[in-house]
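Notes follow once the structure below has been shown.
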Amino acid sequence: MSTLDAVRDFLALEARLLDSGRYRAWADLYTEDCLYWVPIDPAQTDPYAAPSHVLDDKQLILARAERLEVPRHLSPEPAARTIHAVSNVVFEDLGDLAADYRVGSTLVCVEYRRRDYGEADQRTFAAQVSHGLRLEGASFRIAFKRVDLVNADAPFNAIAAPF
Amino acid sequence: MSTLDAVRDFLALEARLLDSGRYRAWADLYTEDCLYWVPIDPAQTDPYAAPSHVLDDKQLILARAERLEVPRHLSPEPAARTIHAVSNVVFEDLGDLAADYRVGSTLVCVEYRRRDYGEADQRTFAAQVSHGLRLEGASFRIAFKRVDLVNADAPFNAIAAPF
Amino acid sequence: MSTLDAVRDFLALEARLLDSGRYRAWADLYTEDCLYWVPIDPAQTDPYAAPSHVLDDKQLILARAERLEVPRHLSPEPAARTIHAVSNVVFEDLGDLAADYRVGSTLVCVEYRRRDYGEADQRTFAAQVSHGLRLEGASFRIAFKRVDLVNADAPFNAIAAPF
Amino acid sequence: MNAPFPSAAVPENAAVHDLEEDLGALVREDHVHRRVYTDPAIFRLEMTRLFGRAWIYVGHESQASAPGAWFTAEVGTQSVIIVRDEEGRLHGLYNRCTHRGPRLCSQPSGQGPRLSCPYHGWSFSHAGELLSTPLPAGYAESLRRGQYDLARVAQLQSYRGFLFVNLSRDAPDLLTYLGHMRTTIDDLVDRAPEGVVEASPVVLKHSYRANWKLTFENLNDTIHAGFAHHASILASGKVREAYGEENLSPSLRMMLANGKNLRFFQESEMVTEPFGHSYIGGHIGAKYSAPSMSSYVAQLEALHGPEKAEAVLRVDRHLMLLYPSSTWHGRYQTVRIVRPVAVDRTEVWGYVFKLKGAPPEVFRNAVEYCNGSTSGFSPVIADDLELYERIQQGNAFGEADWIPMARGLHERFRDDPAETRHPATSEAFIRNQMQAWKSFMTDPA
Amino acid sequence: MNAPFPSAAVPENAAVHDLEEDLGALVREDHVHRRVYTDPAIFRLEMTRLFGRAWIYVGHESQASAPGAWFTAEVGTQSVIIVRDEEGRLHGLYNRCTHRGPRLCSQPSGQGPRLSCPYHGWSFSHAGELLSTPLPAGYAESLRRGQYDLARVAQLQSYRGFLFVNLSRDAPDLLTYLGHMRTTIDDLVDRAPEGVVEASPVVLKHSYRANWKLTFENLNDTIHAGFAHHASILASGKVREAYGEENLSPSLRMMLANGKNLRFFQESEMVTEPFGHSYIGGHIGAKYSAPSMSSYVAQLEALHGPEKAEAVLRVDRHLMLLYPSSTWHGRYQTVRIVRPVAVDRTEVWGYVFKLKGAPPEVFRNAVEYCNGSTSGFSPVIADDLELYERIQQGNAFGEADWIPMARGLHERFRDDPAETRHPATSEAFIRNQMQAWKSFMTDPA
Amino acid sequence: MNAPFPSAAVPENAAVHDLEEDLGALVREDHVHRRVYTDPAIFRLEMTRLFGRAWIYVGHESQASAPGAWFTAEVGTQSVIIVRDEEGRLHGLYNRCTHRGPRLCSQPSGQGPRLSCPYHGWSFSHAGELLSTPLPAGYAESLRRGQYDLARVAQLQSYRGFLFVNLSRDAPDLLTYLGHMRTTIDDLVDRAPEGVVEASPVVLKHSYRANWKLTFENLNDTIHAGFAHHASILASGKVREAYGEENLSPSLRMMLANGKNLRFFQESEMVTEPFGHSYIGGHIGAKYSAPSMSSYVAQLEALHGPEKAEAVLRVDRHLMLLYPSSTWHGRYQTVRIVRPVAVDRTEVWGYVFKLKGAPPEVFRNAVEYCNGSTSGFSPVIADDLELYERIQQGNAFGEADWIPMARGLHERFRDDPAETRHPATSEAFIRNQMQAWKSFMTDPA
């Protein structure tokens, strides 16, 4: 198994955990010092130079995961179901990222929430994704994840499930 | 060629047959004792415990294929064209499935029917798919296929082409 | 690295160049005698037998690329951003194509233009793609590209970024 | 007409002349004006004058069996909650918090000691009384007793466990409204070996971009099956050649049954009833395999005695249409709720019922029928939904205002006010629906 | 204005005051009120008073050449079927089954012994007569002769194989309506070496979220090209530098032609005609390569004789706009149908015609023009569609009600009622369209 | 109500009776009629009578700092351009070319010597004068001086660099309109060590399918936080257990702050002002780490002197709502523009401001607040947007017309016309908004 295959399987695992609603297990993939970033401006490099859709440290990732595992009746919001289709997985230049590998991938994510708006209950998101992975035994952990949504400067309605 | 690569090619073949409208050839991929299931409830394990979108044995699969090959003017419905994008192909635990391999994959299927409703003539479906494959010579045949649509509990408008 | 893997990486490169707006670099992937074709009728084989969405020689590809690199204020149209998700890459029969390899792939392309129409600012396209590739050193160049859109006979609103 | 999305079309001539005196003129003896299917102003009026006054099927008691259990349902476009209190009594409440007005329950069903609004935490008893408000003092006198209790549906009644709601006080009682059609509900319940019927919590739904009345005008139409479903009849015929008549799976048999020649249906009966109801004689025989059949017959005889058991099993009725809310099939224990969403958008929700204690094949057979008759993936349903949408496109525009419903105008098997019998090939069931529509819509009370 | 979907906006003030007496006041000599582009109630009235009374181009006889062949087309928002009977005669029928009203033909074209409805199998002759109904007895007297025949369009006429429909009886005859503009159709047909023209079955379509009139106000506008298509002029200029003028492919030349300076267009002619038609002198010269050119000239001379052949080839006319349905280019054998879908949604369908027997390069050149001028992917079309949508957004709201169309108000080359000639830089063609609009719309007959 | 897309619903009874005399009756002292949130005809009237007459926040001078720089903004559904001319003066222009009416600028911002229309190249000065038209001769007399200049907004005024537009002449002046609320703008600007504030060019936006007023009725509501955000309070509580109170990141603290008990808010103040404005006392304390705090305090003391610096840092105000356009948080330098798109569709655009020269942590803290309070991905915002949509669904239909806004009707801390103080748990801020709404909407001038 090449490292690229191993990386592909790991990204497929992350997608599977999200798509089967195992958000706590998904949060465990992240290192303590991780950064999960969904920027607005694709050219932005400093996460604090401007507002972003998501700028989570490990604590916020855990809070998100916990919130999604809270029984439904306690939150006004129906559980979202997602399908993450990951493709075009390639190694990228590591640059100054504190990780063993930097990996680019293309994401098409289809999300459904039962909100009684007919076809509009299903939304399609697409993004260029960049993972900073650290080797951990035979697998990896995520030290950095950046999701550049194709429509990052558009207004977004409520989104609960992470990409 | 690893078995996983062979499986990937086989799933790409199934997608290709559907996308080029060769429905009879697609139906031939299925074993005589096959079950093709599109459930509503992702947690459901017994196909007869509740209603489903599709619960086809080989006869129904053949009937669907024959119906789609019937010349257009005999059915009120325009031929549908599809694009099946299959990704994240992984081996799953076989469990009690009567097959040689159980394979998970992620499907994004874009369907188009010329119905004069503008952009609404194209629909996007997404699902977690599970195949039960039996070895047959150098290739496989499908003994079991389960398609868990991301919006399985939503109402669906008319759908002719299989996923 | 198998040839198929090399081809996959090359298609991922083409997708990356388009998605990062490097249209001139994308145009350079094409041979001088190339043909880039987006037909209406999937059964059409002669590009001149009927009208098409796109029938570009190298000059038109260069003109498209130059136009997209023109500063925004000079064109009434906002820059489009795209995500090309390429999957199901397989070798196809070369036939009479003047190329070393003919490669089939499945494309889901999500495009976004900031036009103030809410969710309708993002569009999803899907197609069966066929590349005619010529070996060039360790990589390839594109002599022929055919994009059969799933809704090829539908009316299309303005589309600037190539598939 | 390619409203890219089934947005409410502009009211045809709401501005030009008053809708009120129009309504009566839109329905003639054997013709109906296309505006009843396409005018959003008429759709809006249907929600108050028809769905707001008729008895609407909302669900089965088993969908909220435990104390504190509730489920949501729609009465036209009005969302309601059916909840069982601690004493086991069922209540019908408007699904709308009386504070700022949000939907109270957004899940299909649930259970809890009280109903609480997620916005500011107002909580209501299962009977809808306002129990608690944060900082009640802030409301001082404005929280007068009962002023902010949840609105209650005017009437909630059950017929053998099946629940019906009426939003208005001055409606005929349920039994009168059901009339002879209650016998189809009996046909379903009497088939339960222990008299106990349970709704499956998994609901199968389809939707289409056309008016809700098109479903009601299709499901007792016996002429269309051979034509509209021609492709699937041809296709299943090929499978029959390959596998042989005797080895066909039930769903294949159902598809082939659509190919019956019209003479069969001319001799079958169509019964029409006041308030727009109708049913046609059965034509899809459901035989269980020998072992299941014999143990099942024994169970029914133990419950009903041989005579009544035989009578129960002899009932062979195809779909009963309970206007304007639901379609019923006793023999396949399947009930479908027709949900009007907009003038040109409808959902149909399919519920299959388990007859507690019956052989597994009975429920399995019902599930197969429900799949084949309600899934948008079923070739038969796909054909019908296409046709509804082509009708909506065909009637959206143009000079042809009057749509005929004349087939079998003078054909009768029996003619008495309570229950008229026609050949099953008649359009009497559509005329009957339209007369009920007219009487509800033109009664301004 | 970000109507997320081009749903019909609410009628601006249909309720406030009567639309009828408004209409006349909306069009002045050199200004038009923005409501003509944005009010859905006006759009609805256009479908009956303009598209229901003008001659509308629907297609070419070659699209239904064999007996029993048919194709569908739109007359405004009314779908029609053009079908050729066994004797070879063409009929224009409303695409709506006279039973429950569904669209009869949902495919673009087809062929068969009769037209049958997939719902209940009613079948109609190619002339629209009701041939058979299942169980006719059930209809007894209500199937009176002809009552359920398909509605026929009032008039269907052909001009040199090009078919036109008029939904009303009392319309001027086709030749009067076409007037001088017939010469553009001649310009197309006379280029056919065997006098035979065939429509390509493959249709190239684009759509945009704005009013249909914006297409008509663009295609004879010679000022916009240098500005709106500036980016593609710059880009193709760079390609010209790299490859050299003489090696440019035809599509490149077309893009560069947009950059011509305005003086060229000031000296070109714009002809306006009654009923809103117009055309401008050609500006995209189409030369075929030497071998094709010489064999083609020889063919035309054999057909027309040298004098007429020379005259045919000398016609150099850019787009002719046949109000309100279509745009015509004789030299590139391309005709586009403008299809109004909603007040803020339009489709344009492009047909290219093969001149039977002509050198392959002739059709190939027409195909390239059709692609460049009709595909939503073409940089030139992409610019124009963006601008139509920004006009719809700009005029949807605000206090600026009056839109000027004053350019060239008093510039004339020749001024006679049948045919007025202006500099091609004039907005006379828009004023001419709006006067035709006003006369159709304010004639309540 | 599942309008699949937030298309404008049909005017409820625009046709039935005149909207005009209705309006006044829709707002009572402690109740408001649901039609103010659901009727598209009322939305349309709000765009002219409310957004067309109130002072609307459009942006900050730093968004067009260089000569020739411009940015676009919305005044209700009217798009405008704010542009700085060569002499540094700012102009407010309607974003609509006076020729055929397209939007002139479709990018969010830009810079250039003049504003030119991409359609036919008309160009306008930064003050909106028509500078050049291709072939002016063609327009001869119709280009009278100034007739085709871009429309200018009636009034454009700045308060400490923050720009406000009023589309009508006869409006109260800006300072009167802002009243006491200007002190929140002071609270923001006075925190800048060099008195210079810069808007971040990156704008964070969310949208929801419900009426714009629901945002205004939420952001000073202190009761909802503990209930609506219960899930995120529970979740962040678990993280606090794992990491310990002192190690929590700022965003976690903000989520936990929603869990404060109501007594805290009962003792906090809510101030309501004429024209519908309000704010509540702060409840999210923002402390900077020691090193940043001390250097920052030193900077402010250098600028203001110790006394004023201490007063500036002591202001602890939560969100100020400047009706009907924007929400302001001085301490976190975040301003949000509420953009009404349709009766059932709203966008909220979040701008964060950098205090030039302040320690990096100040801006970083503001960015974190902006993310947590404006992103559609933030758990807190996700809860609120769900609730707005459930309110729109709950009020779209049904008999319950009157929505209460009675909490704290008689609770006052201080009662004087310029500035009334209530407990922060009161709904006084909603009543105050509705009174302002009523006075604007019922003034037909």
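As written, the chains take the letters A, B, C, D, E and F, and residue 1 is the first residue of each chain.
By our rule, a contact is a pair of C-beta atoms (placed from the backbone, for glycine too) under 8 Å apart; a residue touches a chain by one contact, two chains touch by 3 or more.
Model, not experiment: these values are computed from the prediction.
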Chain labels contacting subunit A and also subunit D:
B, F
By the touch rule set out at the top, what is the minimum number of steps from subunit C to subunit D?
2
Top of the farthest list for subunit B, CA-centroid basis, is F
Would the interface of subunit A with subunit B count as same or different, where same needs over half of all numbers used to appear in both copies?
different
Could you please state the distance in Å, as a whole number, between where the Cα atoms of subunit D are centred and where those of subunit F are centred?
46
Centre distance in Å when subunit A and subunit C are each reduced to the mean of their C-alpha atoms:
28
Cα centroid separation between subunit B and subunit E, in whole Å?
43
Which residue numbers or ranges of subunit F touch two or more of the other chains?
1-8, 10, 15, 106, 118-119, 207, 228, 230, 341, 345, 383, 386-387, 390, 393
For subunit A, give me the residues that contact two or more of the other chains.
75-76, 85, 87, 108, 114-116, 118-120, 124, 153-155
Between which chains does touch occur?
A-B, A-C, A-D, A-F, B-C, B-D, B-E, C-E, C-F, D-E, D-F, E-F
Can you list the residues on subunit C that touch subunit F in the complex?
72-73, 75-76, 78, 114-116, 118
So in the complex, the part of subunit E that touches subunit F is made up of which residues?
1-5, 7, 9-10, 15, 30, 34, 217, 221, 223-224, 226-228, 230, 262, 266, 383, 386-387, 390-391, 393-400, 403-404, 406-411, 423, 425-426
Can you name the residues of subunit E that touch subunit D in the complex?
5-8, 10-11, 14-15, 19, 40-41, 44, 47, 77-79, 94-103, 106, 117-121, 134-135, 138-140, 142, 148, 151, 341-342, 345
In the complex, the residues of subunit E that touch subunit C are 1-5, 200-209, 228, 230-232, 234-236, 238-239, 242-243, 248-249, 251-252, 255, 347-350, 352, 360, 363-364, 367-368, 370-371, 374-377, 379, 381-383, 385-387, 389-390, 393
State the interface residues of subunit A toward subunit B in the complex, per the touch definition above.
9, 12, 15-16, 19-20, 81-87, 108, 110-112, 114, 118-119, 121-122, 124
